[in-house]
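Next up: the structures, one after another.
There are two complexes below, and they share chain A, which is joined by chain B in the first and by chain C in the second.
After this line comes the complex of A and B, so read on.
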């Protein structure tokens, strides 16, 4: 055997055999084949493509794992450590994270220095969530290993989540039930806390629904008066004003009654307090109704922890935020995100589809249609913040300002539509995503076979009938794909929204029980903005960090759900129209 | 009034419970807030991000009295407040610095009167360094020499290493990494006015989009130094003392900020469009009253700022015609 025969790559199979058979006569050809083989097989490109794909998938998987891990573990109850320091002081807190660092040697005592030097000048330190902001003026504290004398986990330490002032870590000293001070009894406190939270919800419901409704009516009467004065002048409006004043007086009386009921419940609340003692012995005595959740962190088993974990998640998705968004839930943000995205689809779908239909089916293909297509494609590349500026300037200030002057003069100078709101935000995002829908729809229309159209026309259908009954149904799955892409882009977009209606706090949802039920002028909260706000704007960024991961996880889940729903609908459509094929 | 008495009891009980341990006591002369009736509508605020959390806490508190008030708060920097007030897109324009002459003129050109500020809280700007940084106290000249390119404070040369402010050992050669706010921020303007003596920032200051981002930057960078509201500090950073006019070092604490010993302290303002010829409508009037109440100033402490004294509250209420 000659040497070049061994050089033949094994993959060349049949070709290799052929080369062996004819090697004596056409040796140069075999040689040429060898040099062409690798690239002809596409080996280097294959490795490149495969590698790029693997890298992409690994990065996405890593990102998802980081979010999933941090997001999923945040709500799991963790034990409380009581740390005795070498200087005699004691702190109690939940361990958050640790790092290695290089201590400043001259400041340490002899023993500590020896310990650190034994470790090449490095030491480990741990961040404890000591909580009790109202007593300490701080929530977190770093403790280095060489400062730590002893760590224990006493069973009588509790972790309290409060309505205001955040978390409290400490013992329960005593409790006052119905004005009677008594020793701490777990069963009684558990029962009373549940009752107190029920009272709390009752007050909230009374305030939101009944008093809220009254306030709403009083405000409307006040606006009616102003409107009448604006239209008819001071004198002409006098009868209207008098009538409206009488109604306001009636409403006020009702209001007093409700307020008295609320006050009664509040005074009951004040007779139920619990005295808490932090690790240093200082005490506070909050009302039991202020305690959202409490548990003995070191004395509960797996199933109790699971219960707390689930109840925290439930609070997160079903409650309003507390403490400047760093605690509580994100219900308004979930609602705002979904409502805005759906509203955006309502705007973007007809516009995108109609544009694409005209471009593809009706317009004469030529220079102008090419220019329109290029422009649409370029629109997709405009930075999103530019859309935000446009939305603020055109929608909110110009259109909204005009609407206010025409329809809501009684509210001025307070704007109704002349500011950012869910309507303007959806319109802005619709503008942002319309190119995606146009391009996808055009592709889908182009993919409908010519034979189908011709068949339909040959049967005597008009052009519109052909489009309506043959082309559009066939193209619908493709159009839906465009919608899904648009939704995914829209739901994840934050920058333009900050200008046209997303706010840090807007607990009032855009849809409620007060006439006219759908309030398109309202600003709203958005999960994406919530992430930015909690992560970078909150007073205590350390406390906000876990919430960032949880909210990110939720936003991802929400987008996946919305997309999955759209994909299911698309597949149904596909099946439904599958029989319509020739 | 039986009901209002009960309310006031709740509030004072709350105040006692909260004020028990913390040094920051609220002026007992401030009135306790009592709910009025007929307050409803939209409460929109656009402006300072320093005040963002405080506005949120205030409106949460306010909503506990008036559950049906729709609150909307947006904070992207003090610079966004004046245009929002001029365009009428917001009722409240929280700002961490007083309005500039041009901003007031623009407002006046539209409405014919000046916007009215209320002083909601006192904020000390902390100068933060990494928690391992041994530096204790800096003079204003040193701060100026670190952050500015102009050194209007009179320092001879720019400070670029920690050794230049007296640190020794391994710190002597470490470079100084500056973190600051972006130019839409009132904190940016205020710090330039006071700490840079009106000079200009060095081009090497890393501009951050939020108060909390500055802290996170310093926390992650052992050579870092940055300025931010003192309430934003975390366990990862350390607020250093600043040498006052009398040559002593002062920490950013309530007493020294209020007395002016700590040199970088300021009022936080909320600007409003108040027509001098018309009565303030109930919604805004009650919000102003709430801010100047025990509960309102309690929220100030929760947001990490320093509360006001009754004297200032009375002055401002007078200006709004709410006495």
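After this line comes the complex of A and C, so read on.
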């Protein structure tokens, strides 16, 4: 407004001079009103538009910050507090969070009640992760400020992450190395823990790969027998069955051998234990191999903490889950999410593109194509759980059931494809995201200039050649954009997956080293479902809460990575088709 | 006004080619839906000559040109009557192979429309869609077509670069090279210079001058000066009717119809 005022006088002065100079010919101009008519000043809606954008950005930024803050701090080692309560008991734990609450006054002592009443009936309480679920029957304990007498952080408290039973918080009393009980020696325990973990990994590899492989083969032999019996009848199949029985016997001998080795390692493990003592003095003596990670939470410096932080992240992205998914890693879920999304793209890409090609290039444009188009757009608005139901009913039960009857009759009544699995899940998601691809592809095709098509046709190219060599390359970046949108939607979808193949804990990945290597019938884990399961379905939701944020962070990172990759590929293609050969 | 046109017969004074006609258009009528766009056109395109189609906007000259290689097939609701024959074959007869027809008729459009491929791929495109894969043939074609289109010197070192990196005039010459790559008999040009600057236009005109003889060229143009410069015969069309068709010099210096005279002297149009 000030700039207006400053500019006005010279402007009207100039007009005045002009008016004087040409007085005879030009009538003096009517004075212009400079009052601010908002709609005349340009863009009255600018603030509204900008504000809406800003609001959106702020909300997204806030969401990301919450996820980032909670996700990024979860794995940072926190100190262990020893809290002496006014009633004389002592607890030890890691502070989780605090809230204000309204205590139940009649149950308090005289002093406490006075303190709370002075505070309008409110008090502050803190949640401690006291861990030691095997001893306490609970992982967490609330402690109100008014019942806290003293808080210290003793340096000899350790934080143990165990293979089972979760975390233990307490002191190390003694240890038994190779059957010899001895006093705690940090260097020896460190060394022995590493050795014990190696033994643990060995056992797991033996069980997973070798014994698992044997089981798989034995199971296949059994199925072979059944198949032979189904095809040739009891008598006809007798030689096959006998041969197969011999092979099973061989496999079982191998199995016994491996089992013996496992038992041997187990018995070694039993001779290495560590005696732990919780703050109240009760002791347990777990095998050292059960201890995944331990550290003296109050005695370590920044770089040790950083090391633990990094090692926890590494475990998170590279290991399997422990403790009902509330600890350990999410590798199977990462794998399942990526595999399912890629498989979905494999299905949705040709399907969507071909549909759009027909609709835009071949079909006679008219009422029917309009109806089809509207229907496709409406499909995008169908609740995703409906697709899940459809996927279960049509893909899993109808198609899968038929496949089972035709190709896997020996396995019945156990379903092979006739249940949820990664194949049906990706097909269901492909169905869910196909409208996005169709709409994007149609738009991309429509944007290819007519002159390009005419040029190609005038060269004597057929319609298909024109589409193949001129239209599709030109439309490819637009089609890729549709794929990216479909991928983003598919990777983040959870509800339909719960019906068609996602499980809380998958025994095996859909890809492994056993023939035929890719097992599309297997159920799988998914990061989105993992978030739901850990946060809302687990025994101990308080323990799972940090994992929710970490997993969300990881899922977001994964989707961003997949999209970024797709965008890079798209830009490469754009450049290639702008310059290159075919 | 249009009623008087109905009864006025076309004035002909065509400069015949020694080789005879390349295309014959007989009693040709065309409708877009219910609207008739061409009325009873009769003309013969002479072999090895340049024929210009002139007339005010909407007179049907582009429509007629696009009928010659059946590009109008893409338009919904199109209906035609009459005949267009090439060497005695009616191109609108049943069972005509449109793709083979288009290979005999190179076409150059108003706006340069090179494909988003390399220069080499652009020129070999008509051959490749025909199934030619032999490198030596393709190489020869590229050199031959680019030389004919006067682009070889500029483009020979960048054959594998994108055709979209060429200037507008170069792109249009590339399109001409592409049109002659499959060695057609007729070149159809739909206002080939309307999107170009005067220097590029002059080069294209030179090129047309050089190409005639080898090809029969039909050119739609808005510029009467251009028609006068490059064409042997000129057809003047008005509201879908062929008013006068003949020797270019006569059309521009001594037209037989007053309407032609009015148009070429700039009295309307």
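For this structure, a couple of remarks:
We take it that the second predicted complex is superposed on the first by the 535 of 582 C-alpha atoms of A that agree within 3 Å, B and C clash if a C-alpha of one lies under 4 Å from a C-alpha of the other, contacts with A are read in each partner's own complex, and residues count from 1 in each chain.
One rule holds for everything that comes next: a contact is a pair of C-beta atoms (placed from the backbone, for glycine too) under 8 Å apart; a residue touches a chain by one contact, two chains touch by 3 or more.
Computed from a predicted structure; not experimentally measured.
Bringing the complexes onto one copy of chain A puts chain B beside chain C with no clash. Touch criterion not met for A:516: it reaches neither chain B nor chain C. In the superposed pair of complexes, A:186 makes contact with neither chain B nor chain C.
Of the two partner chains placed by superposition, A:88 touches none, neither chain B nor chain C. When the shared chain is aligned, chain C comes close enough to touch A:473, but chain B does not. Contact comparison for chain A: of chain B and chain C, B touches the greater number of residues. By the touch criterion stated above, A:460 is placed in contact with chain C alone, chain B being left untouched.
In the superposition on chain A, contact of A:301 is made with neither chain B nor chain C. Once the two complexes are laid over each other on the shared chain, residue contacts for A:451 go to chain C alone; chain B is not touched.
Looking at the shared chain after the overlay, A:216 reaches chain B, while chain C stays out of its contact range. The angle formed at chain A by the C-alpha centres of chain B and chain C is 140 degrees to the nearest 10. Once the two complexes are laid over each other on the shared chain, residue contacts for A:140 go to chain B alone; chain C is not touched. Following the chain A superposition, chain B and chain C show a smallest Cα-Cα distance of 51 angstrom. Taken together, the two complexes place no residue of chain A in contact with both chain B and chain C. Per the touch definition, chain A reaches chain B in the complex via residues 101-104, 106-107, 127, 133-142, 164-165, 204, 207-208, 211-213, 215-216, 218-219, 222, 248, 251-252, 255-256, 259-260, 263, 266-267, 270, 282-286, 322-325, 396-397, 401, 412-415, 418-420, 498, 502-508, 522-523, 533, 535-542, 544. Within the complex formed with chain C, the chain A residues making contact are 449, 451-452, 454-462, 465, 469-470, 473-474, 577-582. Across the interface of their complex, chain A is touched by residues 69, 71, 74, 99-100, 102-103, 105-107, 109, 111, 113-118, 120-121, 125-126, 129-130, 160-162, 164-165, 175, 178-179, 182 of chain C. Residue ranges of chain B in contact with chain A, taken from their complex: 2-3, 6-7, 9-10, 13, 17-18, 20-24, 35, 37-42, 44, 49, 52-53, 56-57, 59-60, 63-64, 66-76, 84, 87-91, 111, 131-132, 134, 169, 209-213, 215-216, 231-232, 234-236, 273, 275, 302-304.
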